[in-house]
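Chains here go by letter, A, B, C and D, matching the order in which they are written, and residues are numbered from 1 within each.
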Amino acid sequence: MTLKTAVLGASGFAGGELIRILDDHDGFDLVHLGAHSHEGGTLADVHPQLRNGTRPLGAISAEVGPLDIAFLALPHGASAALGRELREQGVKVVDLGSDYRFDPQWRYGLPELFDVKDGSAVASPGCYPTAILLAIGPLVQAGVVSATGIVADCMSGVTGAGRSLKDELLFGEVAEGVRAYGIANHRHRAEIEMGLELLGATEAIVTFTPHLVPMQRGLLATVTTQLLTDDNPSEVLAAAYTEAPFVEVIDRPPQTRWTVGSNRALVAAFVDERQGVVIAQCAIDNLGKGAAGQAVQAANLMVGYDETEGLTTSGWMP
Amino acid sequence: MTLKTAVLGASGFAGGELIRILDDHDGFDLVHLGAHSHEGGTLADVHPQLRNGTRPLGAISAEVGPLDIAFLALPHGASAALGRELREQGVKVVDLGSDYRFDPQWRYGLPELFDVKDGSAVASPGCYPTAILLAIGPLVQAGVVSATGIVADCMSGVTGAGRSLKDELLFGEVAEGVRAYGIANHRHRAEIEMGLELLGATEAIVTFTPHLVPMQRGLLATVTTQLLTDDNPSEVLAAAYTEAPFVEVIDRPPQTRWTVGSNRALVAAFVDERQGVVIAQCAIDNLGKGAAGQAVQAANLMVGYDETEGLTTSGWMP
Amino acid sequence: MTLKTAVLGASGFAGGELIRILDDHDGFDLVHLGAHSHEGGTLADVHPQLRNGTRPLGAISAEVGPLDIAFLALPHGASAALGRELREQGVKVVDLGSDYRFDPQWRYGLPELFDVKDGSAVASPGCYPTAILLAIGPLVQAGVVSATGIVADCMSGVTGAGRSLKDELLFGEVAEGVRAYGIANHRHRAEIEMGLELLGATEAIVTFTPHLVPMQRGLLATVTTQLLTDDNPSEVLAAAYTEAPFVEVIDRPPQTRWTVGSNRALVAAFVDERQGVVIAQCAIDNLGKGAAGQAVQAANLMVGYDETEGLTTSGWMP
Amino acid sequence: MTLKTAVLGASGFAGGELIRILDDHDGFDLVHLGAHSHEGGTLADVHPQLRNGTRPLGAISAEVGPLDIAFLALPHGASAALGRELREQGVKVVDLGSDYRFDPQWRYGLPELFDVKDGSAVASPGCYPTAILLAIGPLVQAGVVSATGIVADCMSGVTGAGRSLKDELLFGEVAEGVRAYGIANHRHRAEIEMGLELLGATEAIVTFTPHLVPMQRGLLATVTTQLLTDDNPSEVLAAAYTEAPFVEVIDRPPQTRWTVGSNRALVAAFVDERQGVVIAQCAIDNLGKGAAGQAVQAANLMVGYDETEGLTTSGWMP
């Protein structure tokens, strides 16, 4: 079986990674690549690293011919109408944007913690919520740690900020520096707290501080919160992820390099006895498990393929 | 007046930066450069970027001819005997290592928070304690924030790890990645807590997680702790640093790039109302205000020069 | 069919990339990973980015059980005896080192320019010779350009220098700098000239200057030489590579980023009319087409698989 | 004496570096900073790394109050009218752009090779011509090498491309890659050839290929050309630069890192005996000796200050 598939939003970083993964996936047949400002051009204009660069870039629209499934990799706010129209036509949708992450009619596509199977529409999580929920979700769920008073300091590579042309993303502004942004009001915060509440927390409060680091890919979440029981957090996490093919619980600090290019998530938890807190970490590739890889994982589950089809747990570095 | 000056530990990163600063400082005359494994070689062997590379590298010893002042930039644990011997000879000492940071006979050389003037020996603080104490020291001192339950997530460039030949410091292991290290047991933790207690905290407990970032210089501390009063933390910090020529309190997230190459510290504080916490940040150059720059600042005060002599607050980037 | 396969020299960068590629290749079954200094450890000790990290690291030896084929990724000079012993046992060998590149009993494994099919032993070319020969080999062969007076200035990422623990490869010595090395006497020079003479040049003389660039992977060759005919060099190259699945002739300067992670080579040629010279360029991934990818390509041909099996032409960046 | 000084074009990278240098120079008093799109803002808007960030940004115009000297750091083509108007008012001018580099009424500001003293207007050379002319100018002048058939492959950091907002300068397009640009038609080519002819070459022909490298600052020129005599090129260069305070002839390949942040140029020459060619190299900081540093050096000479005033030969790295 092969499904007629569109990537709408092909020109961005997540779009490119989706195409790279789907090109090697036997179950999805890429029949349409949609790109706003590059409509009428070819794939090589926006992703010269990808093969078959002569493929045309078409419209971003629900009227692009018969489709079985569409991946939307659009700027936040741009998926709403399109997602609705596609669903009305019976097209399955995986939306990598934020428009439907709080909508009960869409599955929240973090398969290790939420049920994604057999849905018809998936709202794929943000990269930061993915890493933070993988790091502490099972601990919150098991009542091992507090869901309030959480401090989540995260570090992301530059592709996490998207491919827009902004001064602050120039090489000459990013290299050799690190900085926080969106302190105390990043839009991912509410998504993280929603995720924790869906996992059973009565109330979740997270102080979330993202940082931009001079690298292309990779995201590390360092999450500190009160330990409430005598359980060994590392064992709780290991038990929770026994059946998860993409999550590995390790006993040393995870490096983002060990995940780049894959759909792998590396999780570790350490206890600071004096303070009575857990420091839980999760390293992912922001474009892999944090975006395109996870979207394909959810699509696999949604259409009945093996969860791991077309995805790898071997990273690229160096 | 010019003082006969030695740098003992000339071959490391902090040693090189000390030489660069002192070469342009009228009050210190570099009469001896000591380097262990490169003894007998020349400065260009270890610091080809510095001028007058034909200067000889001599011994690391207290017997290197008449000195007024010595800067020790040695691996941790290597300064103890040497520092004592130099003091016995009446030589003023600034030790950049950790051996004397808990010793009451040495001044703790963070001039913005502790008295350094007129001492004869200074233990220069570690780079992480410098940034963390500058970020929250005045807030703890004023009782505005809690000194327990502090979460300090910090990010440092690679030169902060020293110039040793370790696999984990190879370009092929560092570039395009971020990772934590020393979780829950880094040796700087006790120094940070000591600093807070010297500033008046009854008890200080800090969960300190340092991270290595793919850049050469720069250190960012992101410190989260409970807000205890209605004070505006940013105003408290600004008031505390009114007379501090190297500390600037700003109202946006500080970037390490804005400090690299200087002795500048950029401090900012943000309140997360829902959680009732302060997120205080400090950006410094780990080799500047975090090492060589701060050591020269303390030396200036110790010998009676103007505090800013030979130091700059203009960074290099790009 | 699946062949019992060993990687001898598993701990280096090329070894790791070989394992990554072969893990996804249906025709080779990795039954032995040999590593000198890490013998007795596991794959995760040396390549934490790769999956199934619990695989054991064994000896580097010809006595490692029955094998059909072995890939040798050893330091230059270390393959000689081992290569001979393996061949005596009837094991096919692909040697990524330089020991057999001048030996007529070994095929020189650059399949676009030399016959590799049906051999029993392949000496895989160096990364620089690969890029330079792909850039100008067909032009020399067709008599379009001069094989003497060639200037080949090349730029390589750091993994090209191997994974050894050297001061000059530390992040703090590589980042934010570029430098030449091995000027006028790099060992690849003779290999480049041999390649050109095998392609028909009466005499080949190349001034070869390699440079180290602050990136992990990627190699760009910029080759300048006299144009001898009225032919359009770009068309000559395009005609030569019509059947080559991994070489693409393009009309803009190739970027190494467009090849990283793949077995792709991007070639372009420009004419400087005033000087009467061609500037031919080739971009590859030094660990892909410059090492592990090309070795697998040659192995495919040697054992009768499709040349492209297990290899990709889609790069990773970003 | 202190001169009323303007920097017109304060917002770019060269403008920022000019301000940084002039702030520490006793002979120039910065009375006006002009910036097009940021007029009305403050220095901290464009150069948050520099001290006294509250300084206002004003117009780019010849009518900015009484001036003794103006530095123009404008996009190529933007200096022509302004330069003329300033000179008519008796203001000395150093133009870092290309508008006047071929104009005999302006001195070509490469003081090591051309007379700059006592002029009233200096056209400061481009970064690539500076490095190439320093590498081979004295060799051409002495008739030791050929001025035709020159191959100049150069590598520059990203700030050399200016601070404009272009896709190709985003971190996500530059990091981990190297590429050539402007092959066979870069506008610096004619400037290089003019320089060589001013030094006595009957005819100069240069094949010039610039490359962009993932670093912020630094420029390396690798220049290959026929050796015509038995002279030792390294000795010829050393003799030529005996009195040049900023040029150092060394006997190993120069690294750009050793010059970054300074006005230093490191030069080396190697002979490839088989080919009969010289490989001459020059490493500079493209913003130092390649732009702002050199402009201040020329200004020093023009107004009668010591050539080295306010400039350093100690680099910053790491």
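Following the convention adopted for this analysis, contacts are C-beta pairs under 8 Å (C-beta built on N, C-alpha and C of every residue); 3 or more make two chains touch, one makes a residue touch a chain.
The model shown is predicted, which means the values in this text are computed figures rather than measured ones.
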Most widely separated chain from subunit C, with each centre as the mean of CA atoms: B
Shared interface numbering between subunit C and subunit A [over half = same, under half = different]: same
Chain centre separation (subunit B, subunit D; CA means) in Å: 34
Whole-Å separation of chain centres (CA-atom averages), subunit B against subunit C: 45
Shared-contact residues (touching 2 or more other chains) in subunit C: 13, 158-159, 172-173, 175-176, 214-217, 255, 257, 260, 317-318
Interfacial residue positions of subunit D with respect to subunit C in the complex: 148-149, 151, 153, 155, 157, 172-173, 175-181, 183-184, 205-207, 209, 211, 213-218, 220, 222, 224, 253-257, 260, 270-275, 277, 279, 281, 283, 317-318
Residue ranges of subunit A touching subunit D (in the complex, touch as defined): 13, 158-159, 163, 165-167, 169-176, 214-216
Contact footprint of subunit B on subunit D as seen in their complex: 13, 16, 20, 23-24, 48-51, 158-159, 175-176, 216-217, 255, 257-262, 264, 287, 312-318
